[in-house]
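Quick notes on the structure that follows.
The first chain written gets the first letter, and so on, giving A, B and C; residue counts start at 1 in each chain.
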């Protein structure tokens, strides 16, 4: 995996809180290649966002990050803070969850799209503005030349998310990190944003890390999937393999809990119980208390290793679901 | 009464008490306040000499063992006067904040509970009072009523009424829509009963915070009024007045400027420390209205 | 925007009307006959009748109020019981002294509070943060006139650098004005600075936790740019209001400080009027100050709407 745009291994994030240290991410390995999309899937609190923020140097001040991060071939964690800053925005673009709060309310959208170009590409203010109009046009803002001076509150949620995407793409980054970019949007808009990102990815050849709890989105866009639970990866591999032959009971449950498109208001299957507290992770398999399989005492006391089931498809369990597709 | 008399503030108060026990600053503030109350009550008996023992032979003496805070231009013992004056400050602070609390809470309750034109009328009146700088209004009121202890207390009470009215009204508006209040309304409890039993206990937290901070500001205002000769009248001692009388001698007799002022500062600081600690526990998001409106005058 | 301004203007007018009523009623609160009280030992029947008639005190109360209002609208606030001069002129000639003191004090406060508030928020928990908290707690607890006395003691007494009190007009001799304004302005400014420091700190902390600040960091902007362009702009919008309210209340005359430093501004005028029981002057000063206060608040709200694009549209 020498051509990985971003590769993390053994990434651990511990956050100092009032109730003591909380291990948000506990030794995670994943990577994403140029032009490919990696989907990080899990419930909120599973550490999916935190692993990406930590890998790119955006973790909160109280977080302690260990492990190795290679971004475009360089050891990112060993770089001085200023070099790391200059890679963000230039080589890595970010799209965050809530477009209502991730834009500065008192700056025009044009300014906010333009500033990365001014910072990293040395564009003049005027050139950056022209570039901002191009970018707004690229992400499908109608009459971008007029809207460039408008303020965020004058846009709808979906249009704001397009602005955020334009911002993220301002320097044509090698990697786009999309942290639940559709969660705060309504269903129609969600589909448009997913389509937009997929389209831009094809045109620009960008690698994408797409963080989501919605497996429905994953199927359409991802090349590889990593399913996270309580700070660890429980299953990862090519998207078809994971979807067709899920090896971990948690993945199976997530797939079963997915609302069928077009099925309307059918019964949603839910997973009973709640994930463990990051302050107090169990010694064994973190999913064990909620697990429908419940192999034996080993599951409770011993951490299952991440083992290959077929090719690049890995599962962290002592009792993989049978690979003939029984999990579906 | 079938509606549950939920009163979250009870639990809050217990938490506040335990939090204060572990906050060294708040403890110091509380200790200073206890000392002040003791001095305020027993000052005349504790003071080493009479407050009006004029003695021209020992005018403007620097601090010594006999007179730890020195003597003033009439030879009176400054320590004794500072101790006796504590009572005036605490009394004005307590009574004026009591007036503001009583009037403000009543107005705020009615405005928030009945809303509509009552609310509009009352709050516009409060806006009018808010349009005057704090000390200026107090000075004007005392000026027309005539200077003295009672008028100073009334003036300061009037000046701080709008703050309590606003805090109360905001609290009532949010409590009013909660289930247990609506339940009480639905079973036909009288308005007064609902206000007393359900609304008031639930807005106690912000009011307690406001009260302790207002005590600090009221004592500052009293000091300013008495500095201007509008507070308690001589020969009774007041900290502000002592500073005014001593201001002409201060370059020769620093103790006349230092000690009465230090007494005001320590008192106000103690109330502020306790008030801030209470706010952190009870009402962390409360806007610091009165900080922005502290009487600079 | 226009509708917003008009609505705020109307609101201010209603409050101002209430203010005139309060100011008018002040005179009615004087126990006994205010003119007789004011004249005291200088009493003579002719002056007494003239002043009473001029103040309209022989009319019914309602007539008196509307009369007062009508004349106030044309800038006539009556005549001084003492000098017989028009109150409006007396009050206005005191304005420059108060204005120069208030503006200097607020500038002084900003010079201290801006860096202190910003740094203590950016380095929350650091030494500067703790120092800022001690400073602001000190400032809100210390009586300003005591600090003034201590200032006189140190800078005029011990060091002899500055005059202990007095006033020279800025237009007359800027250097001497500066040496006279330094102590009172620093005294008032320190108290104001402590209030502002607290406010700036908490406003900064609030903005620092906003999502759009993380967005700006994710763009790889320099810390300086993130702070100046994204944090400060948003954090200072509410600060503008507090600064203006502070300025407005200082314009109301820092009575005690003006008395202490013999500074002939509105505050000193109020004090003298109280001493002399010159009620029309007291009323005039209070009314002017309240009107100024309302005007500043109105201007701030409009400025606020200009600074925050979200309000303009509503």
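Simple rule for what comes next: a contact is a pair of C-beta atoms (placed from the backbone, for glycine too) under 8 Å apart; a residue touches a chain by one contact, two chains touch by 3 or more.
From a predicted model like this one, the values you see are computed outputs, not experimental measurements.
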{"item": "Chains contacting each of chain B and chain C, listed by label", "value": "none"}
{"item": "Inter-chain pair with the most contacting C-beta pairs", "value": "B-C"}
{"item": "Interchain centroid distance [CA atoms averaged], chain B/chain C, Å", "value": "22"}
{"item": "Inter-centroid spacing, chain C versus chain A (mean Cα positions, whole Å)", "value": "53"}
{"item": "Inter-centroid spacing, chain B versus chain A (mean Cα positions, whole Å)", "value": "54"}
{"item": "Sites on chain B touched by chain C in the complex", "value": "124-125, 127-129, 131-137, 139-146, 216, 220, 223-224, 227-230, 240, 243, 247, 250-251, 254, 257-258, 260-262, 264-265, 268-269, 272-273, 276, 288, 291-297"}
{"item": "Complex contacts: residues of chain C adjacent to chain A", "value": "210-212, 214-222, 225, 229-230, 233-234, 237, 307-310, 313"}
{"item": "Of chain C, residues touching chain B in the complex", "value": "14-16, 18-19, 21-22, 26-27, 29-31, 137-138, 140-146, 149-150, 152-153, 156-157, 164, 188, 191-192, 195, 198-199, 242, 245-246, 248-250, 252-257, 259-260, 267, 270-271, 273-275, 277, 279, 282, 286, 289-290, 293-294"}
{"item": "Chain C-facing residues of chain A, complex", "value": "56, 58, 85-90, 93-94, 96, 98, 101-107, 115-116, 119-120, 151, 153-154, 164, 167, 170"}
